[in-house]
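Several structures are given next for inspection.
Both complexes shown next keep chain A, but they swap its partner, so chain B is in the first and chain C is in the second.
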Partner chain A sequence: MIIHILNGFVYGGLLYLVAIGLVLIFGIRQVVNFAHGSLFMLGAYVGYAATAIAGFWAGVVAATLVLAILGLLLDRAVFRPLQDQDPIVTLLVTFGLLLVIEDLVRTVWGKDTLTIAMPDLLSGTLRIAGEDFPVYRLFVILVAAGMGAGLTLWLKRSRIGLYVRAFASDPLTTGTQGVDTERVSAAVVALGAGFAGLAGIIAGPLLALSPAMGGSILIESFIVVVVGGFGSFSGAFVAALVIGQLQNLGIVFIPSFSTMIPFLLMMLILLWRPLGLTGRAA
Partner chain B sequence: MTSPATLTATAPARPARAPGSVLALVVLGTGCLLPFAGASPLLLSLLVQAIIGAMLATGVGFLVRQNGMVSFGHALFFGLGGYVLGVPMAHGLLPPEMAVLLALLVPALLAFLLGLVITRIPGVAFSMLSLACAQTFYEVVLKVRTLANGDDGMSVTFPARLFGLDVGLLQDPRSMYLICWVLLAAVLVGLWLFTRSPYGLLTLAIRSNEERARFIGYETVVPRAAVYALSAGVAGLAGVLATFYNGFISPDMMHWTLSGSALVMAVIGGTRAVWGPALGAVVFFFFKEIVGDATEHWPAVIGITLIVVTLCAPAGLSGLLARLFARRAA
Partner chain C sequence: MGWTMRLGGALAAAMMLPVAAMAQEPLRIGVPTALTGTYADLGSQVKRAIAFAAAEANAAGGIDGHKVEVEYLDTEAKPDLARRQAEKLALQGNKVLIGAIASGEALAIAPLLARWDALYIATTNKSDKITAEACVPRMFRVNRPDSSDAATMAPWLKGRSEETWAVMAADIAWGRDVAASFGKAAAAQGKKVVLENFSALGTNDFATYIQKIKDSGAKGVWVALAGRDAVNFAMQAKQAGLLDSATVAGVSFVTDNTVASIGDAAKGVAGIINYSSTLDNPANKAFVAAWEKAYPGTTPTNFEGETYIAMQVLFQAVKAAGSVKAADIAKALPGRTYATILGDQQMRREDNQLVGPNFFGVVEVFDGKLRPVVKMSVPAETATVAPSPACKIAG
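Here is the complex of A and B:
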């Protein structure tokens, strides 16, 4: 049982890394990035390429950095010019980007699934409660937890973090207080994209890489964001852990209907609290 | 070409929408003549697929027009129409006629129930939810093999006659083309009439300001769910037609790439006019036939087209046409 719960944390952790990027971008730009799953997928592929050249750890660094830079470009080229438009416009444009990125990856790396080898350092198993558990999975949990703690500290303690939180509650007032909107949001989008890239590469050794791999994690991150309450950092954290657990237990006990569980949970929560767990009016 | 002078002379005499309905009748009539004008079965078969796509896009576009909601999950209702028709047919669970009726009703009914929950959520969040709903059902039909062979899909055979009608008519490109064409026209006229009815106007009022509509004293959740159900019903009808014509159902019918394509068709056609998405779908379809052969990068082509249309011509093709006509009439 404890193994199942740990596996739930592995998936929940990955989900958190992807969903928190969506939440960060939503908080600052009030838009939903439909291409976020593609950034996760791209992170895995960039990591794959870098791993082949210089090993797994270089892959982790490369995937995170390359995706963060892409995030900067995305903010400059898409979110910033479209900030005065209806959020639906940005949504359609990012959906268009999703199609382009998937096609690009398919062209460069092909349709077939690829795998990333686990680093030797983490390839063993550990005995937990009488059962073997792969060290690598523990590593994923630790990375997600570390990133979550780091992000929370950054948001709570740093000056930019303060700006980010101020933005998420009232962008207009924050802007009139003299905060450089564009710089803060560029940094935040880069951070969100970098998280997606990091999640992609560390998920690499656990999943098969395919151009379509961003789809299901995008959809579950959406559920996480909606259940957590739009734009709420702590809500997304709780929701990612809960949905990660439910999803994993579902796969173990009722495999055919496992995706039904997060969905039903989402419906129940929306009936109970239409704005999500930590919901506040948009 | 008529000279500008005659146009200005005749324009004020006619009621404003008369040219529109004349044009619509001409298009409908010309379409009906196509199979008799020597169009090849191959072309007709393509057109059947295009019209079915047009119907799906019409459902998606209608939701945007009437509710202001962008659905990324209409393939759910398209596929549901197919599965509710095909699965009982193959397993002999229900009388065939009953399966047909259910296949037409269940998508709208499910949408209504879902809509009571998710149409309360505005804007982009609705888009995310619609996608999540659709993908959940997709995973189920993908994984439950007893339903319709899971991933592989299943071919469906129909009894020779349904409701006293020869089912072969629904599988021959010529007759099926006519049936689809007339049904599409009927759907468009029906939706157009809905938009002009008091209830249709109420939904537009809710779309533009939900709070105000509520303060005037209207209940605002049920009308939105009803529009969602209507648009899902149209998508379900498209799924039923596709299942009859192809004799095959598979999880691809529910996959979100289909929802995405339908949305792209609707955006290309423009959703301000009820008929815009259908036009967009037909253009999309033939564009795909031309470009799809020439390049393997069809998704990227569509992605770029979507971005360009969204940014440069948000009213889509129908908007461009309407502006063209307005300028000529002025």
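Here is the complex of A and C:
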């Protein structure tokens, strides 16, 4: 059972890394970013290319940085110009972006599934509860937990974190207080996209790379965001862990219904607390 | 007399016109296949083989002068979408349909073929239903069905010492079929299936399924996963030590592309091989040589080989029918014997199933490259089991 719970944390951790980017971008730009799954996928492919040249750790840095820069560009070229438009326009544009990024990846890397080799340092197994458990999976849990803690500290302790929280709850007042909200927004979108890139390369040694790999994780990440409460950083963390566990334990105890569990949970949460576990009315 | 001769000549010429025009009519093929999604990798192999066969035929002046034209539409391997895309292709005039990936797609297309005046040739769809209770006169299959894979797996299983087995299959018609036929074969050999795992199409993390297999104590695992699912499972099974602690074998699991994706981890994995570029016969050697020329640095994969066989059968049926109309081709297809890269194979009248051999093999280095290599051949008469009485299209 301990192994099943650890596996739940692994998938929950990956979901958290993707979902937190969605939360950051929604919190600041009020954009439901349909292209986020393709940013995760692009991160994996950029990481694959960099890993092939300079090794896995260079891949981690490259995927995170390249996607963060892409996030800056997206904010400048898409989210900022469209911020006064009907939200449905932005949503459609992000859906278009998803298709463009998928086609781009298909053109550059093809449709065949690719894999990223695990770094030697993390390729062994550890004996836990009498079972061999891959060290890399523990690494994924640590990365997700580390990123969660780092983000929380950054938001609570740093000046820019203060601006982000203020902007997320009242952009107008924050702007009138002299905060350069455009720069804050750009930084946050870059951070969200960077998280997607990091999740992509971290997932690389576990999941086969294909242009469609962002699709299913995006749906599950949206469920995390809805369950946690749109725009809630702590809610996303709790929801990702809960969904990761429920999905895994579902496979163990009620395999026929396991794929339905996240959707059922979302329905129940929406009925019980329409703003999510930690969501608050504006 | 002169004018009547001229009029007669003109009339004769006018009557000949449709015949001449028909001779120029292209053979229009519609390919509703998975170009995106979990099975995109398989769809791209189907597409590559069809494009290769069409180019080869056109370079030789077409099929009896008919140029081969191909249209592709994406089905994402979803039955509903496959039905809509197949209908779109058929209504656009591409009435010879071929190459959907999942069995559910073929089963969704089949009931509507007569209405569309189309025909469908399965090249990767394995569910037995296609040539049993769901069979229709306009649907044909060239690839090996689940029952053939079971008949090929049974003698291998008999020789194995593992007494307890787990099944890891995709939760679709094909995966359920494979689990059922493996269960029967195992029971017949006095072996026990201690666990059946069915994963949703597009599953990312197989860790929990793998742990359940380890917890079950199964000494062997029979896998029915394809495309990205197969690669995900193989990678994660290797990382969790399952590939080293249990015998892992399967169907559609030991494919060229899966092996290319997972690399050394695939070494020693056994399984059904429906087609291999390493097969030693003159027709296959010529095909592989032409393929390597068209796509340098690659050899045809199992799905590419099977799809190429479909094109070989189709082209010969067009010649026999003397027509590119779906109704005429559908009439000409059954009962004939076709020269293919797996030798001569007959399209059985009783269920529209091409009767051909099947193979079992293991992943090992061949010509300096890791690939599935055939170790056991099962002849056509054994590999293709008797037609199901549930199919009543003959006569």
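To be clear about the criterion, the second predicted complex is superposed on the first by the 274 of 282 C-alpha atoms of A that agree within 3 Å, B and C clash if a C-alpha of one lies under 4 Å from a C-alpha of the other, contacts with A are read in each partner's own complex, and residues count from 1 in each chain.
By our rule, a residue touches a chain if its C-beta (ideal position, glycine included) is under 8 Å from a C-beta of that chain, and two chains touch if they have at least 3 such contacts.
The shown structure was predicted, so the numbers you read here are calculated from the model rather than taken from an experiment.
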| Room on chain A for both chain B and chain C (clash or fit) | clash
| query | After lining up the shared chain so the two structures overlap, which partner does A:I88 touch, if you call chain B first and chain C second: first, second, both or neither? | reply | first
| Where does A:N7 make contact in the superposed view: on chain B (first), on chain C (second), on both, or on neither? | second
| request: Kindly classify A:V61 by the partners it touches after superposition: chain B alone (first), chain C alone (second), both, or neither? | output: neither
| query | When the two structures are overlaid on chain A, which partner does A:V226 contact: first (chain B), second (chain C), both, or neither? | reply | first
| query | Regarding the shared-chain residue A:L206, is it in contact with chain B (first), chain C (second), both, or neither? | reply | second
| task | Applying the touch criterion given at the start, work out whether A:T259 contacts chain B, chain C, both or neither, answering first, second, both or neither. | result | both
| query | Can A:I69 be said to touch chain B (first), chain C (second), both, or neither? | reply | neither
| message | Looking at A:V31, would you say it contacts chain B, chain C, both, or neither? Reply first, second, both or neither. | response | first
| field | chain B versus chain C as contact partner of A:I160, first or second or both or neither | value | neither
| message | Flag for me the stretch of chain B that overlaps chain C after superposition; candidates: 91-99, 145-153, 199-207 or 289-297. | response | 145-153
| chain A positions touched by chain B in one structure and by chain C in the second | 102, 215-216, 255, 259
| request: Within their complex, state which residues of chain B touch chain A. | output: 70, 72, 117-118, 120-125, 127-129, 131-133, 135-136, 139-140, 143-144, 256, 260, 263, 267, 297-300, 302-307, 310-311, 314
| remark: Contacts from chain A onto chain B in the complex sit at residues 31-32, 87-89, 91-93, 95-100, 102-104, 107, 215-216, 219, 222-223, 225-226, 230, 255-260, 262-263, 266-267, 270-271, 274, 282
| query | Mind pulling up the chain C residues that touch chain A in the complex? | reply | 35-38, 40-41, 43-44, 197-198, 200, 202, 204-205, 207-209, 211-212, 214, 227-228, 231-232, 235-236, 239-241, 257, 260-263
| message | Which residues of chain A touch chain C once you look at their complex with the stated criterion? | response | 3-4, 7-8, 10-11, 102, 110-115, 118, 125, 131-134, 136-137, 203, 205-208, 210-213, 215-217, 248, 251-252, 255, 259
